[in-house]
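When the chains are written out, they are named A, B and C in that same order, and each has its own residue count from 1.
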Amino acid sequence: MAVIDLANPTRFLTLVNRVLPWLIGATALVFAYGLYRVAGAPDDYQQGATVKIMYLHVPGAWLGMMGWGVMTVAALGTLVWRHPLADVAGKAAAPIGAGFTFICLATGMLWGRPMWGTYWVWDARLTSVLVLFLLYLGMLALYWTAEDPNRSARAAAILALVGAVNIPIIKFSVDWWNTLHQPASVVRMGGAAIDASILVPLLIMALAFTLLFFTLHFAAMRNEILRRRVRSMRMMQAREVPV
Amino acid sequence: MNPFLALIGRDMRLAIRVGGGALMGALFYFTVVAMTPFAIGPDLNLLARIGPAILWLGALLASLLALDRLFATDHEDGSLDLLMMGTMPLELAVAAKAIAHWLTTALPLIVITPVLGLMLNVEMSAMGWVALTLLAGTPALTFIGLIGAALAVTLRRGGLLLAVLVLPLTVPVLIFGVAAANAAIIGPAPFGPPFTILCALSLASLVLGPVAAAAALRQGLE
Amino acid sequence: MSTDLIELCAKDLACERGGRLVFSGLNFAVSSGEALVVTGRNGAGKSTLLRLIAGLLRKSAGELDLTGGAAGADEATVAEQSHYLGHLDAVKPALSVGENLRFWTTYLGAPRGAPIRPALEAIDLAQLSDLPAAYLSAGQRRRLSIARLVAVPRPLWLLDEPTSALDTQSQSRLAELMRNHRAGGGMIVAAAHGPIGLDDSRELKLDAQAGAGS
């Protein structure tokens, strides 16, 4: 099937309905295997088992950023190619991306308690994720405020692109702000190469999260298409009654 | 159902439907509070000390800015005319709108306060006290802001005018709100007196706000 | 509606807006079953007069009274006994058609538990009851706005260009509703440029210059 065929929402729906069960199955399998590998991964000599929060925390951050990436591509699709599904894809990605970002923040806070003795420190990485989360919330508010999906599409696309341009700048500013105020006193992972016993489960979990993202994204796109159909059918219903 | 409850119900429904403003206040509050450390630095001790003040300022701004459209939407679609022709006194109608607004804007804001408190390094136990002062004080903010919202709609101006009109009036609420929160967390002053005054301010504005707002709407008739 | 005679009576009515005298020395009376059509050029003060009767504007001089009617009606203000149908429809797009009407009927004081279905049927919107009002056309919104006049009994209808946005079928539907209202002892004061389907109505011509009514 050529990509252009997918421009047709009906064809896209048939494709989603065919692919979704497989995606769900694959997600479940990879998750199961990933969790099994995580259970077998070594504990940290200082942090003990709490280090395993990382296997949720880090993929959450990655997928949170990828969500904005999907929205950026969708925004280009809306503004440049005027692809009929682009806005649907962008709108469906926003709450999912926000969800993964939230997972990253929540697990970060839970992880911070034993590590730092407090739920939150204004660590540069965590703070960048927080700003990303705020951007997501703004995007959701934008979709929420507009009653007409056609009108919100372009506004959301522009916001997504502006966000994409700004995210690196924000990241840089936060790093600068943080080092200015708080010399690297915070324990950070990384530095030396990560051992394979940690890296492999992490990558498997990242794959599981990615599959989950696309499963949710496809399902959300399907729902959004159906929601728009319901909307236009109801508008037709209003037209049929004597004006 | 009586007209008073019907109006509360309608406004709450409008707020939570698509295009409504529910949660927008809480979102603004979250953003403002999360921005503060970028201005004053991530020093946790400092943040813990001024945390209640930041939360109160955020709540103040969020409550007032969200009030901007309270009467404006009803004015634009003609609903305000009909609201004035009801069998219920306009004061009660105005109060019903304010209550609906408080429930959909201020209440979510109070609910997320503990999370923000964590980010500002305010102790878990202290968060309950801060939330309690907000619970007691935000009705005063809403009902004082109500007057500004009514004045703004009769002048056909919104946004910043409302804040400029109303912010000075909220000084007592801010003083006693933060004082009560600090008393609960740091001491040594007792919590009771500022908290009681805060409750008194809320109760007084509960009466004064609707009366003044209804008067403003009637005077501004054109 | 009670069969008691109700009368709306205006004496030496004057209104000032923004320092300009819109009209003054206006005298008229409308009683049960009667209709008064206010005519005049743009800016003559037709809408102003209706809003003044509805209590949405203050009169600068004169008297305006609604006398007679149901027990206790003397206590109620003119505004509480009138329906005002202005240029704006007071319809919330986010609410469904039924929710919109139910709110206004409750708010404007319909008897407890009064059904809204008959009013929706009277203006052909019953099938759309569950639909968000956002999907309605301008004419349908107008009709939804008219539905509240039917749903809540009030003796005086103040109609400002009621036929705007309505097609001929809906116009005759409105004419029928107005006939029923008058037959039940109601009164209508309408502002209009052309005919709006009121039989044997009297005319009140507003003159923009001197402001003296007939």
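Keep this in mind: a residue touches a chain if its C-beta (ideal position, glycine included) is under 8 Å from a C-beta of that chain, and two chains touch if they have at least 3 such contacts.
Remember, predicted model here, so these are calculated numbers, not experimental data.
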Counting C-beta pairs in contact, which chain pair has more, A-C or B-C?
B-C
Based on the averaged CA atom positions, which chain is farthest from chain A?
C
Using CA atom means as chain centres, which chain is nearest the centre of all the protein shown?
B
Using Cα averages as centroids, what's the distance between chain A and chain B in whole Å?
33
Based only on mean CA positions, could you tell me how far chain A sits from chain C in angstrom?
54
Report the inter-chain centroid distance for chain B and chain C in whole angstrom, where each centroid is the mean of the CA atoms.
37
Could you list the positions in chain C whose residues touch two or more of the other chains?
93-94
Numbers and ranges of chain A residues touching at least 2 other chains
147
Two or more other chains are touched by the chain B residues 18-19
Flag every residue of chain A that touches chain C in the complex, lowest number first.
147, 234-235, 237-239, 241-243
Can you tell me which positions in chain B touch chain A when the two form their complex?
18-19, 24, 27, 30-31, 34, 37-38, 41-44, 118-119, 121
Residues on chain B engaged by chain C in the complex (per definition of touch)
1-3, 6-7, 9-10, 13-14, 17-20, 76-79, 81-88, 221-222
Chain C - residues contacting chain B, complex:
17-18, 51, 54-58, 76, 79-80, 82, 84, 86-95, 99, 103-104, 106-109
Can you tell me which positions in chain C touch chain A when the two form their complex?
93-94, 124-125, 127-128, 131-132, 134-137, 139-140, 167, 169-170
